[in-house]
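Look for chain A in each of the two complexes below; its partner is chain B in the first and chain C in the second.
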Partner chain A sequence: MKQTARIISIYASDTAGVCSMLYELGGMTIVHDASGCNSTYSTHDEPRWYQHDSMIYISALTETDAILGNDARLVDDIVRAAEEMKPRFLALCGSPMPMMIGTDFDALATELEQKTGLPVFGLHTNGMNSYLNGASQALCAYLKRFCIEVPKEKKSVNIIGATPLDFSLNGSVGSIRSWLKDNGYQVVSCMAMGSSPEEISRAGKASVNLVISSCGLAAAEYLKKRFGAPWVSGVPYGKSFSAQLLNALELAEKTGICQSPHAARTGTKKVAVVGESVTASSFAAALETDCGLSVRVLCPQALQPSILADCDSLIDCEDSMAAAFAEADVVFADPLFEPVCPRGTIFIRHPHEAFSGRCFSGEIRNFVCRELKREMFSL
Partner chain B sequence: MLKKLTPHQDMSGAEIKIKDAVFPSPFETGLEFSAPARGPWNIVHTGMLIPESHQIFACARGCLRGVILTAAEMNAMNRMSWVSLEENDLFSGKMESDLEESCAHILEQMPGKPKAVLLFISCVHLFAGFDFTIVLEHLQERFPQIDFIDCYMHPTMRKSGLTPDQLMRQQLFAPLKPLPENKTAVAILGNDRPADPESFLCNTLKNNGLQLYDITLCKDYEEYRKIGESSLMIATYPPAKAGAEHLAKRMNRKFFYFPISYSYAENAGNQKKLIDLLGLPSVDPEEQIKKAEEALANAKSVIGDMAIEIDYTSTPRPLGLARLLLEHGFNVKRVYADVFIGEEKEDFEYLKANFPELILTATVHVKMRFSGKGIRTEEPILAIGQKAAYFSGTGKFVNIVAGGGAHGFEGIVRMCEWMIEAFQNEKNTPEVIKLKGLGCESCLL
Partner chain C sequence: MIKIAIYGKGGIGKSTVTSNLAAAFARLGKKVIQIGCDPKADSTINLLNGDPVMPVMNYLREYDKEPEQISDIAKEGFGGILCIETGGPTPGLGCAGRGIITTFSLLEDLKLFETYQPDVVLYDVLGDVVCGGFAAPIRENYADHVLIVTSGEKMALYAANNINSAVQNFADRAYAKVFGLVMNRRSVEKEEEKVRAFAEANGLEIVADIPRSNDIIHWEDQGKTIVEGAPELPVSQQFLALAQKFLQEEK
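Now for the complex of A and B:
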């Protein structure tokens, strides 16, 4: 049954995606919410809390404000906080109640921009959509506002779509950077982990963009349209697939045509990987090329199904996931999916922070450029 | 590339000396920050106290995320299900029937049926005019062997009537039916953890052959239902008071509020009231006061003049505790709270008059994002409570929430023991306070 789960977890929401994408960029992110979004985000969705300061707040919406449509208090509170905290920008996003009462975030952004003199983004979230949606919106809004015109340089690249929700803090993003540098690429920026706002503002310098999760696709499309750089989606997991991805980067830069090499699979239902479309699909490609497994992706949420292979499936509920697991001999998925995996199917723990938060973050392995072998998974 | 982007150390607006503060809300409201101190229980932890129960949350993904992972971290996903609310649902005209069918689907899939289901709806349901009653009635008809409990995750209403926490502690006892009154049975209602067995309250019941019912000690649903035979219903934790009183009234039983307190006079007075209610011989509190005084003197001799900071999550009466400690020569510098409960008014006025330099500090103010983590560690600090530990950046802290189960004069002795332990044994604060629901099982351990 859709929207219903007896025992599995749920993926992070759009508001968490906004907060996660903007976390390191020096702004102030305000979730228009009564209570809960902030503690859920800081507890389960944000492992950088102690290492890196950021201004993530809620508006503390009350029943009275909601009934009376009292946006003035929200505006006053944000203006006062902005004066005290001096952020680089303001990002305002909504939870379910503002959607219910029809809060106009674009209008609020305009008003706040006039009152604070800061760049302000009004983001269209409602706490009902995926983190991918929120992160995607936030990154696009940021780039539209802050990217400057710079000369393009050959063999330079932006990494787009990095958040701990998909990559944890296990060194994967650093490994992707190193892989690019080792192969002669200059990394212009990584959006949005480990790069300064100034570096990201010069994103137009890149000759090609590497999209490492689907929340980076819209931003890559925007950069393509504005600066002409094509994008390649994929994460350099495994030995052989990372080589394929490198070829795709070179091809894209040469031809100007976007590439999704991870989608060139002809998987079967016997081995399944569950997860976000670009990361899971790249992992599936790595298993296929390094281990000789024929793998399909079960994708609980996808922003652009077009980057998935024909053999892959969008799975939108617990029942469908259980049915898909039953067709498989081997399943790679977050441990919180295990209760719906039937006996007889080999379940391989493949934690994903966007699904299980910090429960298994210590188990999340860095597979970037690392040759995958069946023994690694006891296969 | 890890760096502090915008350091802030000017704490004006986020802290105030008590002499300049107003009761009960010393600070201007505004945007809010949430400190990563996760020991205080939430409605999931509290609801799990009903043995053999199952929780179903119906709300938006963003709201579900926090409660589902609360259950996941306490290794209790087998007691948690959800129904996500999406935009179309609000306009479909089928919210009630959809939720009923989703709940039925969940329950039909369960290999063993729970004894009770706590069905939570959210703010959006209330604003949409959701007919919760009809859903519960239909589910009750379809699953007559299950007790369905209406529960609410509606933080938008946190300043309107009972807070979600208070309401949860009330609904915790909603399935109870009045059983024939047992004159020798007494219930302590709504606390997170068992009352200290060494407390006057527990000792009095035990020494006089009275049966104590406490949900935290109930092994199964049958034992939980026996709470309904209690002749006297007691609350000790302020957020539990309204629910306990409600239950006593519903069952036509006596109710007694014996709050956590650090006042000798209040504890002595409440002890007498309890004795009178139970028809027992009077007890002179002199020996208890002597023990409390000895414990305080001992703690002072160990801790000396080390600065002490207290937060509101450690005890519902942080000002009462500050007053007790200050009166006994401790160097209490700061109390963290955003608002005080009405019970603290007298202590607030006393401290204002007698210790006017005591600092009150907000916990949710925007500037508090940049407090803590060593910014103010010029002097060593002993903290009481997780938020005080986080903000002060100390590893010497008393790791309790909601009073820690301590109660009465014996609670004062217990607090002194905890303070000495905290003084002598430094903790890894981030690792300790990140665990949700202090005392619950955690997959992070």
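Now for the complex of A and C:
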């Protein structure tokens, strides 16, 4: 059965992606869903929940509300909550039930904007798409509303696409910042971990943008269109690949042409990395350049397949993933993929928070600018 | 692009009005799409010489996958009008409103408007705005104008009032606005007086007055609209005048 998971887990949903991307930006994220689902969005998928406050509002949609199309209660509750909590903006997103009854979040956003005077955006989520889709939509909507015109500065950069769903809280994002600073770049903002809303509003200042996960690609395209800065996709994993990525940043700034250096691989089926396209592809490039392994990426979810290498594959179902694992000698994947990995294939635990939540977050290693060696993976 | 949703009581002649209006726009040289949003899936049949297009819901049922190209679920009819029908679920099961939303979402994925670049899009919607799905055609980015088809019959005016109220309720939402009433005459006593009274009470204009005509039935029996079959007749001229009115408004 296509797109069915009998054994393995599934990735975080689009709604979780919205909550994660907007977590630090001072708004109120409203999830139109039945009560009881709060913990999925805000604790299992969100390691910052215990460290930083954020306004996540669950509408507690009831069967009666759904049958009667009781949007008025939702609007009244949100207006009251907004008056009490004073968020900077409101973001509305849906779940399966509103999808079935056709709740019009764009229209509700228009109505709420008139009633609250706050910036409001409706996001097209239904709880059944990838977290990448939700995070991407949320960041684009945010930038469209809050970016201001600022003069551009040379050697300045935004980091785009940072959420704990792809980077956990293991210091990776901080290491990317430090790597950029150490190489003479001014970091304008990091979207959306560790930067203030004011810093993000000045994103147009950057001369180049670094996209560190595919949920940042649409935002980078938007910034390119509006402010003219090209983007480079990639995470500076390993020693040699981080040097390549730095060259790509310089080249992009010089030529104005976007770059995806991680896609310049000619991997074989013998070593596979499973994960989000930019992070997994960068990790594969680092394994290739530092360890001499020839690696392909198995990507269960991709927003823009064109940034993958020719040797990589989009795989969206469990059976195809098991078949791809059977062709490999070595597989790097989240531990929850292990049950579909055949005996005889070496399985290397490579946890991904968007797939296994908090289960293995302590095992997620920070590979930024760190030379990879085969013995690190017992190879 | 002119985007119009046509509503009205069941059996009042919405599909006849919609198809004739589509044919009128086509006769005026416009590129037209007509989307039937009724589970009966018979909105466009008189633009297709009686040879119906496969409705989107039937495609999903038959092939168990989403259509991959527009031609899977669309067919060109009279004057190059692109005909699409949402169709409906298995009778007595499923959710027809959800079917409309799904169809619209599929058409968006297939980039219908970007590919076909129509001048006019007509949505022929089932009887009343009964739920979110049936309001989908009047949402932002879909129809800009609503036409309400009514006769002088009490229940037709009752439905027209419900539809008008539903559209008014969405005033805060940037939805379509009512363009006017199409009076589809049924030989009711004091018909014009009744419809005019309703229009005045609600601040609406009667934008077309369609006389009861056996010629419409004559041409429909042949799988055609009267605008296709006999454009010179006064009934056809009413539809052409309505199309002109929209084009003038657009200018």
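By definition in this document, the second predicted complex is superposed on the first by the 377 of 379 C-alpha atoms of A that agree within 3 Å, B and C clash if a C-alpha of one lies under 4 Å from a C-alpha of the other, contacts with A are read in each partner's own complex, and residues count from 1 in each chain.
Note that in this section a residue touches a chain if its C-beta (ideal position, glycine included) is under 8 Å from a C-beta of that chain, and two chains touch if they have at least 3 such contacts.
This one's a predicted model, so the numbers in the text were calculated from it and none came from an experiment.
Undergrad: Quick check on the superposed pair: does A:69 touch chain B, chain C, both, or neither? Answer first, second, both or neither.
TA: A:69: touches chain C, not chain B.
Undergrad: For A:100, is the partner it touches chain B (first), chain C (second), both, or none of the two (neither)?
TA: A:100 contacts both chain B and chain C.
Undergrad: So, does A:43 touch the first partner chain B, the second partner chain C, both, or neither?
TA: In the superposed model, A:43 contacts chain B only, not chain C.
Undergrad: Based on the superposed arrangement, let me know which partner A:323 touches: chain B (first), chain C (second), both, or neither?
TA: It touches nothing on chain B or chain C.
Undergrad: Determine, under the contact definition given at the top, whether A:264 touches first (chain B), second (chain C), both, or neither.
TA: In the superposition, A:264 touches no partner, neither chain B nor chain C.
Undergrad: Would you sort A:148 into first (chain B), second (chain C), both or neither based on which partner it touches?
TA: neither
Undergrad: Between chain B (first) and chain C (second), which does A:111 come into contact with in this model arrangement: first, second, both, or neither?
TA: second
Undergrad: Is the number of chain A residues in contact higher for chain B or for chain C?
TA: B
Undergrad: For chain A, which residues lie in the overlap of the chain B contacts and the chain C contacts?
TA: Residues 100-101 of chain A touch both chain B and chain C.
Undergrad: Which residues of chain C touch chain A in the complex?
TA: Within the complex, chain C contacts chain A at residues 95, 97-98, 101, 131-133, 135-136, 139-140, 170, 172-175.
Undergrad: Taking the complex as given, what residues does chain B use to touch chain A?
TA: 1-8, 13, 29-34, 36, 38, 59-66, 68-69, 72-73, 77-78, 80-87, 89-90, 101-102, 105-106, 109-110, 122-124, 127-128, 153, 155-160, 364, 366-367, 369-370, 373, 430, 434, 436, 443-444
Undergrad: For the complex, which residues does chain A have touching chain C?
TA: 69, 100-104, 106-108, 110-111, 114
Undergrad: Spell out the residues on chain A that touch chain B in their complex, using ranges where they run on.
TA: Checking each residue of chain A against chain B gives 1, 3-16, 24, 26, 30, 33-40, 42-45, 48-64, 66, 77-78, 80-81, 84-87, 95-97, 99-101, 126-130, 194-196, 336, 339, 356-359.
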